[in-house]
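In the two assemblies presented below, chain A is common to both, partnered first by chain B and then by chain C.
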Partner chain A sequence: MWIEIAHFATIIALLLLLVQTIAPIVGVGLGRPVWIRVARQASFTTAFLLTLAIVGVVVSFLNHDFSVKYVAEHASRSLPLFYLTTALWGGHEGSLLFWAWLMALFSALAVAWHWSTHPRSIPWVLSILGALGFGFLVLVLFLSSPFERLAEPPFDGRDLNPLLQDPGMVFHPPFLYMGYVGFAIPFAFAIAALINGRITDEWILATRRWTLFSWAMLTTGIVFGAYWAYYELGWGGYWAWDPVENASFMPWLVGTALIHSVMVQERRRMFKTWNLFLIITTFALSLLGTFLVRSGVLSSVHAFASDPGRGVTILIFMAVVLLFSFGLLVLRADRLRGEVHLESPFSMEAAFLFNNLFLVIAGLTVLLGTLYPLAVETLGNAKVTVGAPYYNKVFIPIMLGILILMGLGPLLVWRGDKGSRLLRTLMLPVVSGIAGMGLAFLVFAIDHPYGVATVGLAFFVIHAHGLDFIQGIRKRMVNAKEGPIQAGMTLIGRNKRRYGGFLVHFGVLMMAAGFVGSGLFQEEKNLVMAQGDFVVIGPWRLEFEKLVEIEGNNWKAQEAIIQVNGPAGKLTLHPQKRVYRDHQMPTTEAAIFSGLREDLYIVLGDPVTDTTWAFRVYRNPLVSWIWNGSGLMALGILWALMQGRRPVKTRE
Partner chain B sequence: MNRSGNQDAMRAKRRLFLSLTLLVVCGALGALIWTSFSGSLVYFHTPTEIRETGAAKAGQKVRIGGMVQEGSLVKEPGTLKIRFLVTDGQNTVPVLYDGMTPDLFREGQGVVVEGPWRPGEALIASSILAKHSEDYIPVEMTPEGIAKSKESLLRSLQ
Partner chain C sequence: MANLWKTILLAGVAIILGLFALGLGNDPRNIPSPLVGRSAPNLDGPALDEGPPIAMEAFKGRWLLVNFWGSWCGSCVREHGYLVALARKTASRPDFAMVGVDFKDTRDGGRRFLAELGDPGYRHLFDPDQKIAIDWGVYGAPETYLVDPSGIVRHKHVGPLFDGWFEKIALPIMETKP
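Now for the complex of A and B:
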């Protein structure tokens, strides 16, 4: 019953999305606003109908309605309630419906918010979002329907993939989708600007918060994914340059470039075409991400539920979006000529230019590594993988380049500075950076050049940001006659975007520290222990006390009790080896003690003899800095989001 | 007149400087990508392929995919050292590995081993990837799957 309601609601939504796409075009063509209002109502109704569809699928899960194929494939009677709800996006049918729902929700919100403020763009925004939603619903209804019934319903379902029965995996997809779908709104506004020919800053101002929000969601989603990979897959790492990970990383990189270069357009009216290019590319890469993950063309450890046929459809969908948007961009090229030119290589504009260059090349690097094996496999016969060494080799220098620019950013001014004055400003931060390198080398005994460079650059960046803040405070103290603390508070409060950005930068530095620490100094021990044996790794002493059998809702596990003595005092850790009842597939539950200095990470392996078991123990330095750094980034974005629109400055 | 001419010249000089910097940075990054890329490709073979063309790959890091042959897995008692055969139904390649095996590794399961290839000897695997059970099977995991996905992709491109 519920699934039929959901199915029906989705069909009506598909028709309404067609109305939403066509009505505004007619309305603008005939000059009849009533048609545009019809499209608005269609958008609201679609959001409602798809919510109903989502509710229908979730209720089918909660009712254990295994006559629904999708439910039978992704749930079982013993699946805990929480995962019963989130199984909605456990497979691709549900994921696509979820995506379409988010799209409808965001569209409705965007239309409601921007209706009166952007009357010229709104018809086109409605039309574009309608077309995108329509494309996704075609996919849902005709190629991967979650509403299908089984002729002979099984008594029990096949249960959710054990790897997905984990909080990290529950949060990871929705955040990613919110990021992907969120970028559709700025995309629609950009295309609207291209269509109606008023290519001013309007689309950027209208969508600043959408862009920041989507970027923050994407960041959170990626970090959740890394966190999940870290503690659920039991291999001691968090990022493997797997094609599926890359799929979400590419739009992130280009989106990051966009967030930065948008500022140049706001302040200096430059980079207009470039910004349009970036938003189109970001959104296209979001679609590509879906294509890569959902199509099965990529061999990946976690390309869940894949189907080439669907992939081809998404590919066609993507080709249409790309041809349409880039075609439009080319058509409008004559209106995009900038009236302002770069004046000096020692300017903020130039720093942003290089920042964009680095980020986009980083994106291209990932794209090359991800698609090359696909191209070789399709066109030739060889099968090839591009390994982590490639990405590491290319990425670390690029990231170091970005850190240099991050430090230069606050020191540079718009339009340019005299070389001599810049040198004077640069002097102290550079000295700080060199001191940092010395500290890294002498005190922390980091002997890898990349490690030393990262620490040095971190000092440089922090000093530069601090200097900027202190200068701001001084200015306020003189101009507004405030005390230093008062001045600092006002500054942070009035300039939420700038200082939010600073906070994000500190978050990036923390993450960089985590990458360097865990990347260069991970220590691994493979060993075999019997009960009562102990092992010493670094400052830790681990004693294997005993092995116990425990049981959960739908799984059984062997659990080792490990007594740990170390810098954190006495601890007991419980690494497990789980077998889920419906999937004869063991999964590893690593036991992790997470500290500020390092994580102690224990994985239980198979029995080696009757009385001994294999273990793998890692010391992972600074891994917690990655998670904390991403938290700092989220805070920074939140702060920046709180700032309303900044009036466009016509003159400096 | 003279002054603005001067300014124009300055501007042109700056633009030249900027273009040159951009060119150099792009060139350096391009070179970086190119050199890293060609050195990091790992080829993926079936045991038959490696038997037939393997000599050419001597000393290179290769990936071999297939099944762990039933009855071929030997463990050295008390250690984590194992030895097994990877098969594609026609040929086999012996593999040595020292370390903890992944969750899904067992006889009869699909597996991908990676390591330097020395013809005539066993492959000393530096890593083992076990393939997921068939419910979650990515296409890579079966030869038919690869063929099917390639076919459908090619069909769609025609």
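Now for the complex of A and C:
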């Protein structure tokens, strides 16, 4: 019953999306606003209907309705409630429906919020979002329907893939989807601007928060994924440069470029074409992500999600969207000739320009690394993989370049600066950076050039940001006659965007420290232990006390009890090897002690003889800094999001 | 200058889309196995039929197809018909042998599977605690390996074998000299 309601609601939604796509065009063409209002109502109703559809599918899961094919394939009677609800996005069909639902929800919100403030863009925004939603629902309804019934319902379902039975599954995909789908709104505004020819700053202002929000969601989703990969070992640490991981990283990189370069357009009316290019590319890369995950064109640890038959349709959908939007950009680019030109290489604009180049090149390198195996396989019929060595070689230098710019940014001023003043300002942070390098080399005994460079740059960036903050406080103390603390508070409160950005930068630095620490200084031991044996790794002493069998809802596991003595005192860790009832793939549940300095990470391997077991033990320095750093980034974005629209500076 | 950029942009998009279109035919499950090109792991153990134990040594000098299966595995049912046909077709080849590994299974389960779906005629190792399967890095079922006469793994196939697999995949490998 529920699934039929869901199915029916989705069909109606499909028709309404068609209305939402066509009506505004007619309305604009005939000059009849009523048509546009019809589209607005269609968008609201679609959001409601698709919510109903989602509820229908979730209820079918909760009822263990295995006559629904999708439920039978992704759940079982013994699946815990927690995963029963989230199995909605455990497979292809549900994921697409979830995508479409988010899209409808965001569209309705966007239309409600921007209806009166952006009357010229709204018809086109409605139409574009309608068309995108329509495309997705076509996929849902005609190619991968989660509403199908089975003629002979099985008694029990096939259960969710064990790798997906993890809290990571609950958070990682929805955040990513929110990021991907969120970028659709700025995308729609950008296309609307291109279509109606009013390529002013309107779309940038309308979509600032959408962009920040989507970027924050994407960041969170990626970090959740990294964390999930980290403790569910077998996917290679926290980042394996798997094509599907890359698929979420590429829009992130280009989106980051967008967030920065938008500021240049707001302040200096430059980079107009470039910004449109960035948002179109960001959204295109989001679609590409979906395509890569779902079509299976690439070998990936995510291959479980793929189905070549659907790949064709997603590809067609993607091709239409891409050719349309990039084509439009190319046609209209001439209207966007920037009136303002770069005045000095020592200016904020120039810093942003280079920041953008670095980020886009970074995105391009990831794209090349992702596509190269595909090209070789398709054209040369050989199987190659591009792994960490390639990315480390090209990626780390780019990232170090970005760190340099991050430090320069706050010290530069708009329009340009005298070289001599700049040199004076730069002096102290540079000294700081050099001191940091010395510290890294002499005190922390970091001997890898990248490690030393990162520490030095971190000092440079922190000093530069601190300097800017202190200068701001001084100015305020003089101008507003406030005490230093009061001045600092006012500054942070009035300039949420700027200081939110600073916070994000500190988060990035923390993450960089985590990457350097865990990437360069990981210590690993492979060993075989019998009960009662012990091993020493760094300051830790690990004793293998015993092995026990334990059983969960739908799995059995062998669990090693390990007594640990170390800097954190006495601990007991429980690495497991788990086998889920309906699946054969054993999954590894690593036992992790996470500390500020380092993580102790234990993996239980296979039995070697009747009484001994293989273990892998890692010391992963500074890994927790990655997670904490991303938390800081989220806080920073939240702060920046709280700033209302800044009045456009008219002084030119 | 501006036109050059436009052309590059559109050409880039078109090339990527074209690449994807061509790439759709690729098999995502064709994941390179670290075993390919290396000596096959141990394949000695008790037989499913409780006859004399099976030893890898016995197959030296012949191409060997090692098929991992279990009665619990749905895709193995789908694949089984092809295996029976393949065994029949290759029975006369002196340079080719097949062996099954029934893993994570019960003896009854494995035997009933063969009794119901047809016995292809070759022998099966019985590997209830996945000792062999783990050595071979099997993470799903069915999985099939092609081992050359000198004991080197030459190909791994994840998922059920399809009709014509032998001619399309195995024969070309068997005809090239290592």
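We take it that the second predicted complex is superposed on the first by the 648 of 652 C-alpha atoms of A that agree within 3 Å, B and C clash if a C-alpha of one lies under 4 Å from a C-alpha of the other, contacts with A are read in each partner's own complex, and residues count from 1 in each chain.
Methods note: a residue touches a chain if its C-beta (ideal position, glycine included) is under 8 Å from a C-beta of that chain, and two chains touch if they have at least 3 such contacts.
Everything numeric in this text was worked out from a predicted model, so none of it was measured.
S.K.: Look at where chain B and chain C land on chain A after superposing the complexes, then choose clash or fit.
M.R.: With chain A aligned, chain B runs into chain C, so clash.
S.K.: With the two complexes superposed on chain A, say which partner A:T378 touches: chain B (first), chain C (second), both, or neither.
M.R.: both
S.K.: Who does A:V330 touch here: chain B (first), chain C (second), both, or neither?
M.R.: second
S.K.: So, does A:F291 touch the first partner chain B, the second partner chain C, both, or neither?
M.R.: A:F291 contacts chain C only, not chain B.
S.K.: Would you mind checking which one, chain B or chain C, touches more residues on chain A?
M.R.: Result: the larger residue contact count on chain A belongs to B.
S.K.: Can A:V312 be said to touch chain B (first), chain C (second), both, or neither?
M.R.: both
S.K.: On the A-aligned overlay, A:G369 touches which partner chain: chain B = first, chain C = second, or both, or neither?
M.R.: First partner only.
S.K.: Scan A:W101 for contacts with chain B and chain C and give back first, second, both or neither.
M.R.: Neither: A:W101 stays clear of chain B and chain C.
S.K.: Scan A:I398 for contacts with chain B and chain C and give back first, second, both or neither.
M.R.: first
S.K.: One more residue to check, A:T612. First (chain B), second (chain C), both or neither?
M.R.: first
S.K.: By the touch definition at the top of the document, which applies to A:N526: first (chain B), second (chain C), both, or neither?
M.R.: In the superposition, A:N526 touches chain B alone.
S.K.: For the superposed three-chain model, which listed region of chain C (27-35, 45-53, 81-89 or 117-125) is the one that clashes with chain B?
M.R.: So the stretch of chain C that bumps into chain B is 27-35.
S.K.: Going by the contact definition given at the top, which residues of chain A touch chain B in one complex and chain C in the other?
M.R.: After superposing on chain A, chain A residues 296-300, 303, 306, 308, 311-312, 315, 377-378, 383, 385, 584-585, 606 contact both chain B and chain C.
S.K.: Which residues of chain A touch chain B in the complex?
M.R.: On the chain A side, the touching residues are 158, 161, 163, 234, 296-301, 303-306, 308-309, 311-312, 315-316, 341-345, 350, 353-354, 357-358, 361, 364-365, 368-369, 372, 377-378, 382-387, 389-390, 393-394, 397-398, 526, 528, 577, 583-588, 603, 605-606, 608-609, 612, 614-616.
S.K.: Can you check the complex and tell me which residues of chain B touch chain A?
M.R.: Its residues touching chain A are 11, 14-15, 17-18, 21-22, 25-26, 29, 32-33, 35-37, 39-45, 63, 75, 77-80, 98-101, 103-104, 129, 132-133, 135-136, 138-141, 145-146, 148-150, 152-154, 156-157.
S.K.: For the complex, give me every residue of chain C touching chain A.
M.R.: Its residues touching chain A are 2, 6, 9-10, 13-14, 16-17, 19-32, 70, 72-73, 104, 134, 139-141.
S.K.: Over in the complex, which chain A residues touch chain C? Could you list them?
M.R.: So the residues of chain A in touch with chain C come to 277, 284, 291, 295-300, 303, 306, 308, 311-312, 315, 318-319, 322-323, 326-327, 329-330, 333-334, 371, 374-375, 377-379, 383, 385, 584-585, 606.
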